[in-house]
Amino acid sequence: MAAPKQSAKEPVKFIGGHRACAGCGFPILLKQMFSSTKDPVVIVSATGCLEVTSTIFPFSAWKVPFMHNAFENSAATCSGVEGAYRSLKKQGKENQNIKFVAIGGDGGTYDIGLQSLSGAMERRHDMLYITYNNEAYMNTGIQRSSATIMGAHTTTSPAGKVVHGKTQNSKNLTEILVAHEIPYVAQTTVAFWQDATSKFSKAFSIEGPKFINALSPCVPGWGYHMSQTVKVSKMAVETNLWPLYEVENGVYKINYKPKERMGIEEYLKLQARFAHLLKPENKEIVENIQKFIDWRWEQLLKKEEMTNKK
Amino acid sequence: MEKTIVARTGNEAMAEAMRQINPDVCAAYPITPATEIMQIFSSFVNDGLVKTNLITVESEHSAISACMGSAASGARTMTATSSQGLALMHEILYIASALRLPIVLAEVNRALSGPINIHCDHSDTMGERDAGWIQIYAENSQEAYDLLINAVRIAEHRDVSLPIMVSTDGFIISHEMERLEMYPDSEIQKFIGEYKPNYNLLNIDNPITVGSLVLTDYYLEHKRVQHEAMKNAMKVIPEIFAEFKKVFGRQYDFVENYKCDDADYILICLGSTAGTSKVAVEELRQEGIKAGLLKIRVFRPFPAEEIVKYISKAKAIAILDRSESLSTQAGPVATEVKAALYDAGKIIPMQSYVYGLGGREIYVDQIKDVYRKLKNTKISEQVKYLGVKE
Amino acid sequence: MTKKPDIKTWKDLNVGGIIESGTSEHFKTGDWRVKVPVWQSQNCIQCMTCWAFCPDNAIKVTDEGKRGNYDYNFCKGCGICAEECPVSKKVINEIKKAAPNANITSWDAETNQTFKEKASILMVSIKDAKEKYNIK
């Protein structure tokens, strides 16, 4: 973990000239990740906003080795990269100490890439998988994903006259990864520099498979002003919608417990994707969202208590 | 050179070749009838006979994806699959060739579903004929073994740098025991040499970006380069084959010319059916029919000139396709041979057949009948189904 | 500096279409801006928060590791730097304390004289950036 003052002195690994939207969340996340290790890092990315905006031929924003293969296979591709490294190292043909990072959006991770991710984690490759979760398929034009939260308007779960946005709650991918019983699983988001960098640092220090689910706000997909990315990210945590927690060898630790959790309306009203929920007739949906958030939080508290019992 | 004569199935022969190639990484997923290749190879790994890091992935999609990651990281990389497995790889096969990763794939030809079937036909590899991979069809265990060894050299050649698949006919070759001449491990290693990748993702000092987004301004150029690499393969393949002959004594070429030179009637096919056809050719010649056989061994790149060279004097030609295009026209082999003849300004009567789908047996008598019909009956523009229950 | 990519024909492509790293420095995104951040160094507390949250690496860092000026070649004008600047937050709080009804955010703060004097980062119009702050 390093404070921005220290990190700013280090060479930049993801540079400007990429074409992510103004105010995009994931470049911030990448900065936090790169600030968390001094070892060389090799990135394998899924198709998605991050990949298409950073590698438009012949321009690459990456100052580290970067490979993109397809949408659903960043974990599998990274398995091969790490597998090659391991083989060459064993043969004495490779002597660097490289960290491997596979990265994908929620589409490439929660949905189409879930099998590939599960396989890579089960095989215990020494890699960190990061999902920059912006809660929909933003790259194809904001379609719902299994990470999209209930009520959200997306282009395939539009706020209509009869159906008011997505009708299902989001999938709890972080817990699916916990169930893989890998050494380290964590949730973070761009607003909390210290939290994010300490989690990336910890992940880099552990050998074996690691998973970090990072909420990454999306200006056009969520519908907020581009200057509000950090604020929206913070609010997701203050409302308990996106708890900051980590699971190290099965032991839960909630890294931040709001003194008084903020009502979800405060979060919803910041974003155009929820505008329809603020109408009086949709009050019930908001209540259901709130109930669900509180239920998940309670579950999390119980897990923390249970796994910390001596 | 000392050769060891052993009895091996096609799968065993391919696994032995893999052992002797001793790749840095293998990533594979089991599928009938190719399962055995990786099964046997897994024993080689766990018995310490190879240095290979075996990545036992959770699907063929991940197998080829992992192979790509590995090959891009400077490791010699192999895999094996069949049928649905190859079809599941489909999306990634194109990316592997575009990124010019010389992955070597041991393929066992099996019908594609549906209906589901585990037996031989060529629909799996024919479905990938435009994926930018070099494709070689082996007739028997010996060819499978030899060609897999050649494949490493062809794929990794600087001017080619393309992925390659070598296939055998499912069950017919993959599970049938045959005589195999094996060469010493050290000679194989000497022949294939060290893998020198074109680029290496693990080069930290000179980092590269692999697999970037290419839009309308440069996509066409990227494909043009691949076209050139395939053209280079046309030049390189005979060179490697010649070198192989020099070391190991066995001659390979794009095609196998079996008595075509003076033949009136020529049959064209791929894979194990060529073996059956050779018997038919011999028997017909005893009857006084000048029969010839042209076996296409390398299907990608397509050796159009080579093919025309051997068949242009024939009175009539029959082409056996072990896969269906379902275009109402002929299968892929016949279509491409026709195009080759057109370019050469030759019009030769040609009867196209679809046969052997889903592992349907093909007998010497049936093939003889094909020749006789070329001689005695009017040729139909329509594709005919050989051996179908009418 | 990386070499500016110069690909005239298909023959100029690297094998596999690979590209050297960092070439995006030749692709300027500065013309995306609709508003321009102005750094008032005299008010800056050098916390580097703006650097941490800038998605475009548009805040230069000096050899001593201090905050430098904006790299206007790449700044897309999102305004996260201004929004997250602790100095701005402090100044806005002060202004609101004095005048609870003051409607002020970091984004449109240029209308407020106190903010303009005390803040470290101002978001100004392209016209003002050119005319008043000499930023092209």
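Letters A, B and C mark the chains in the order given here, with residues in each chain numbered from 1 onward.
Simple rule for what comes next: a contact is a pair of C-beta atoms (placed from the backbone, for glycine too) under 8 Å apart; a residue touches a chain by one contact, two chains touch by 3 or more.
Model, not experiment: these values are computed from the prediction.
Using mean Cα coordinates as chain centres, the one most removed from subunit A is B.
Chain closest to the overall centre, judged by the mean of its C-alpha atoms against the mean of all protein C-alpha atoms: A.
Between subunit A and subunit C, the centres computed from C-alpha atoms are 25 Å apart.
If each chain is reduced to the centroid of its CA atoms, subunit B and subunit C end up 57 Å from each other. Computed from the mean C-alpha positions, the centre of subunit A lies at a distance of 43 Å from the centre of subunit B. Residues of subunit C in contact with at least two other chains: 7, 17, 19-21.
Shared contact sites, meaning residues of subunit B that touch two or more other chains, fall at 207-210, 212, 214, 218. Counting partner chains per residue, subunit A shows two or more touched chains at residues 55-58, 60, 62-66. Subunit C makes touch with subunit A in their complex at residues 5, 7, 17, 19-29, 32-33, 46-49, 51-58, 61, 65, 67, 71, 73-74, 76-80, 82-84, 106-107, 123. Every residue of subunit B that touches subunit A in the complex is listed here, in rising order: 24-25, 27, 51-53, 55-59, 61-63, 65-75, 77, 91-92, 95, 201-204, 207-215, 217-218. For subunit C in complex with subunit B, the touching residues are 7, 9-10, 13-21. Within the complex formed with subunit B, the residues of subunit A that make contact are 40, 42, 44, 51-52, 55-58, 60, 62-70, 72-73, 75-88, 90-91, 94, 96, 98, 115-116, 118-120, 122-123. Partner subunit C is touched in their complex by these residues of subunit B: 98-101, 161, 198-199, 206-210, 212, 214, 218, 220-222, 224-225, 228.
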